[in-house]
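First the structure, then my questions, so here it is.
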Amino acid sequence: MKKVFPLLALLTAGLLSYALYEALVVAPTEQTMGDVQRIFYYHVPSAWTAFLFFFINFVASVQFLVRPNEKMDRVAGFVAIAIGVACCIADFAIRELPSGMHHGSIATTGLAATGLYFAIRKLFSEQGVDILALVTAEVGVVFCTVVLVTGPLWARPVWGIWWTWDIRLTSTLVLWLIYVSYILLRRFSTSGQTPVLAAALAVFGALDVPLVYFSIWFFRTQHPQPVIGGGGSIDPRMLRVLMINWLAFLCFGFLVCWSRYRLERVQRDVEETQALEALLEPRSAVR
Amino acid sequence: MSATERIEAKERVAAGVRASPGGGATGTQPPITGITAATLAKDIRLEWRSKDAINSMLFFALLIVVVFSFSFDPNAEESRQIAGGLIWVAFLFAAVVALNQTWAREIRNQVLDAYRVSPAPANSLFLAKAFGNFIFVALLEALMTPLFVVFYKLRALGPAWQLLPVAVLGTWALVVNGTFFAAMSLRTRSREIMLPLLLFPISIPALLSMVEATTAILTGEENARFWILLLATYDVMFTTACLALFPRVLEAE
Amino acid sequence: MATLLRLSSASFKKTSFPFVIDLNAASAQSDPVIAISNLTKQFGRFAALRGVTAAFEGRRLYAILGDNGAGKTTLLRVLAGLVQPTAGKIGILGENNPRAACRQFGYMAHPSLLYDEMSGMENLRYFARLYGMRDAGPCRGAIAAVGLDPELQRPVGQYSQGMRQRISLARALLHDPKLLLLDEPFSNVDIRSAREMVKLLTAMRDAGKTIFVVTHQASLLDGAADEFIWMQSGQIVNRTSDRSFMETA
């Protein structure tokens, strides 16, 4: 464990530098937007990373709530499998996919979600799952902030506006708000059961996400707004640079999560030891 | 203590015990609806007795409408466009102030402990509080709406009857999550600010739906049906989530 | 009266304790019983209870004494199920967890646990509903038993402290529980009311209830309590039927 971290850090540094080079130099210049478009290679991977971490937070929160209860734990496991299977079926059943999605992408996403659920269950204890939720929320918020900052920075020179209520940017904003409130709850809570309250909030947040998406989607069809980033197909060379950047961001995010996790774990161990010491030492008079 | 006094006291206790046929020890699980109704009745009675809470809330609602009227002073046509948003923002602020008070009564004298040691189910308490809040916020809305109509010279160009499901579903959406998060905020520092901090982000899709539905009905330009459906979905999802998770929140010290 | 010295050792390691508590055997008797083993509660770094192990028989009046911060209130709250212990087991009235036994015990704390704006009868009728009782009879009986007038319309918030403690006690015994957990029932109460309450508690003990009283006014329970339990620093350090032992020690 001790050796892997520095190695991974070096690898990530190298990957980030390479990705930077690719994004700024190698990637072809966009026709209409020019060099400003290169911010796209930071905007999109940050978003994907943030969403992944928030998803992990959701899974971790659910596990924290259900694992103590054996029956609920099994039910949750079945639901996870069911989701994976349902996505596979949906992939075969649906003929016409929304633009930009390939066949197999729904199935892979579904199966990845199921795999992630069981991987987390295997790798983390009940206590560990709570720390995982905390850590991914914090790092997710950071990446989300990057998305919300790079979005306007990109929009302003290209489209002349700082902000637009398009579906992706708005959904990201709401997600950011929800998770900032999550972190605030964790900080401000005086209860001994803060993890339970935070996990409940995370579940609420996750339930909210599809509703946010649908509400803004419909809002947009009623009040069309300019779309930042455009949709549709993407030049394969650009796609490659995008993927490299995403990989680099993922590694970086993972690294930060890992160190934060270790920090939190050590902190909790210290607190436990102090508590145990307080338990064992005879108290003198009234405190 | 003398023997006679002991006997007297014993008689009193025995009389008290005899007066309760079967007592509570052998009773069945109290039904959830009965306790919800009893708790709601109790809350309404208490609210009625301490009228200062109601009075100050009503006055606050009036103030909001007046302030909004000064801040946004459009002519009749523009007003229809923004009134949907204005009304619901006003309701939202009034609701937050009302929600913050919900649990305050249970914290005084630690009465919540008395509930927690009893066999009464946690969700009865939640539903009673949520219904009570609903009634209270609906009362505020009933006061503020005519004022808005008057100040902004509003008239519904679309199907006005649709405003009722929008109002009911929208208010419930705010109230059900508000009651839940108010209970959560009990265990935090800065209790009063935590409630809106937690409530607003989660309520965004509901707020959007309420505002868009109201605007659609007032302007008559669009169909509010999708928004009403979305509100109903929101209500079902979050009522379920609240009922599933409230017992854990109540137990948290 | 013979002085009984029963020292309970508190061990917070999960190894053996001085006596094996067979909960099945205990619940086979008709007496209600509390058995706790290795009960620990920590609030962050503060250890309120440190591995308390003890057993309590039924039909007794126990007085729990100790300095502030000794863990008396925490112990009562853990027994009532209001606080989850960090470690340890509780056997209460034949159940493993206080929530399951909630119909059989009544809890009273230093705050009144009542609504200030309602009268005594209204308060009790509401709490009776929580226990599934719809009649006014038990409420009247409980209020009369503590020596108050059931017809009194005055809101509880306007009661004197003595009356408030008494109506609070009425709430605790409303559903005729086998076990009473009372936290500081006599605090700030005038001597006469306090003595009345003690008489009532003794009568209830004689009628078969088990009563735990946490108090700072141990003298009130002289001659009434069957056992004095002394707590210090989160542990039970002594149990005796004669309070004078602690004064000379």
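Per-chain numbering from 1; labels A, B and C assigned in written order.
Everything that follows uses one rule, which is that a contact is a pair of C-beta atoms (placed from the backbone, for glycine too) under 8 Å apart; a residue touches a chain by one contact, two chains touch by 3 or more.
Since the model is a prediction, treat every value here as computed from it, not as a measurement.
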| item | value |
| --- | --- |
| Centre-most chain, if every chain is reduced to its averaged C-alpha atoms | B |
| Inter-chain pair with the most contacting C-beta pairs | B-C |
| Centroid spacing, where centroids are CA-atom means, of chain B and chain C in whole angstrom | 35 |
| Distance between chain centroids, defined by C-alpha means - chain A, chain B (Å) | 33 |
| CA centroid of chain A to CA centroid of chain C, Å | 50 |
| Where chain B touches two or more other chains, by residue | 251, 253 |
| Multi-chain contact sites of chain C, meaning residues that touch two or more partners | 84 |
| Junction residues of chain A - those touching two or more other chains | 192 |
| Touching residues on chain B, where the partner in the complex is chain A | 177, 184, 187-190, 194, 197-198, 200-202, 204-206, 208-209, 212, 222, 226-227, 230, 233-234, 237-238, 241, 245, 248-249, 251-253 |
| Residues of chain C touching chain B in the complex | 80-84, 102-107, 109, 111-118, 122, 126-133, 135, 137-138, 140-142, 144-145, 147, 155, 171, 173-178, 195, 198-200, 202-204, 206-207, 223-224 |
| Of chain A, residues touching chain C in the complex | 192, 271, 274-275, 278-280, 282-283, 285-287 |
| Chain C partner contacts - residues on chain B that touch it in the complex | 1, 5-6, 9-10, 12-21, 23-25, 27-30, 34-35, 38-39, 42, 45-46, 49-50, 105, 108-111, 113-120, 251, 253 |
| Chain B-touching residues of chain A, taken from the complex the two chains share | 65, 174, 177-178, 180-181, 184-185, 188-194, 196-197, 200-201, 203-205, 207-208, 211-212, 214-216, 218-219, 222 |
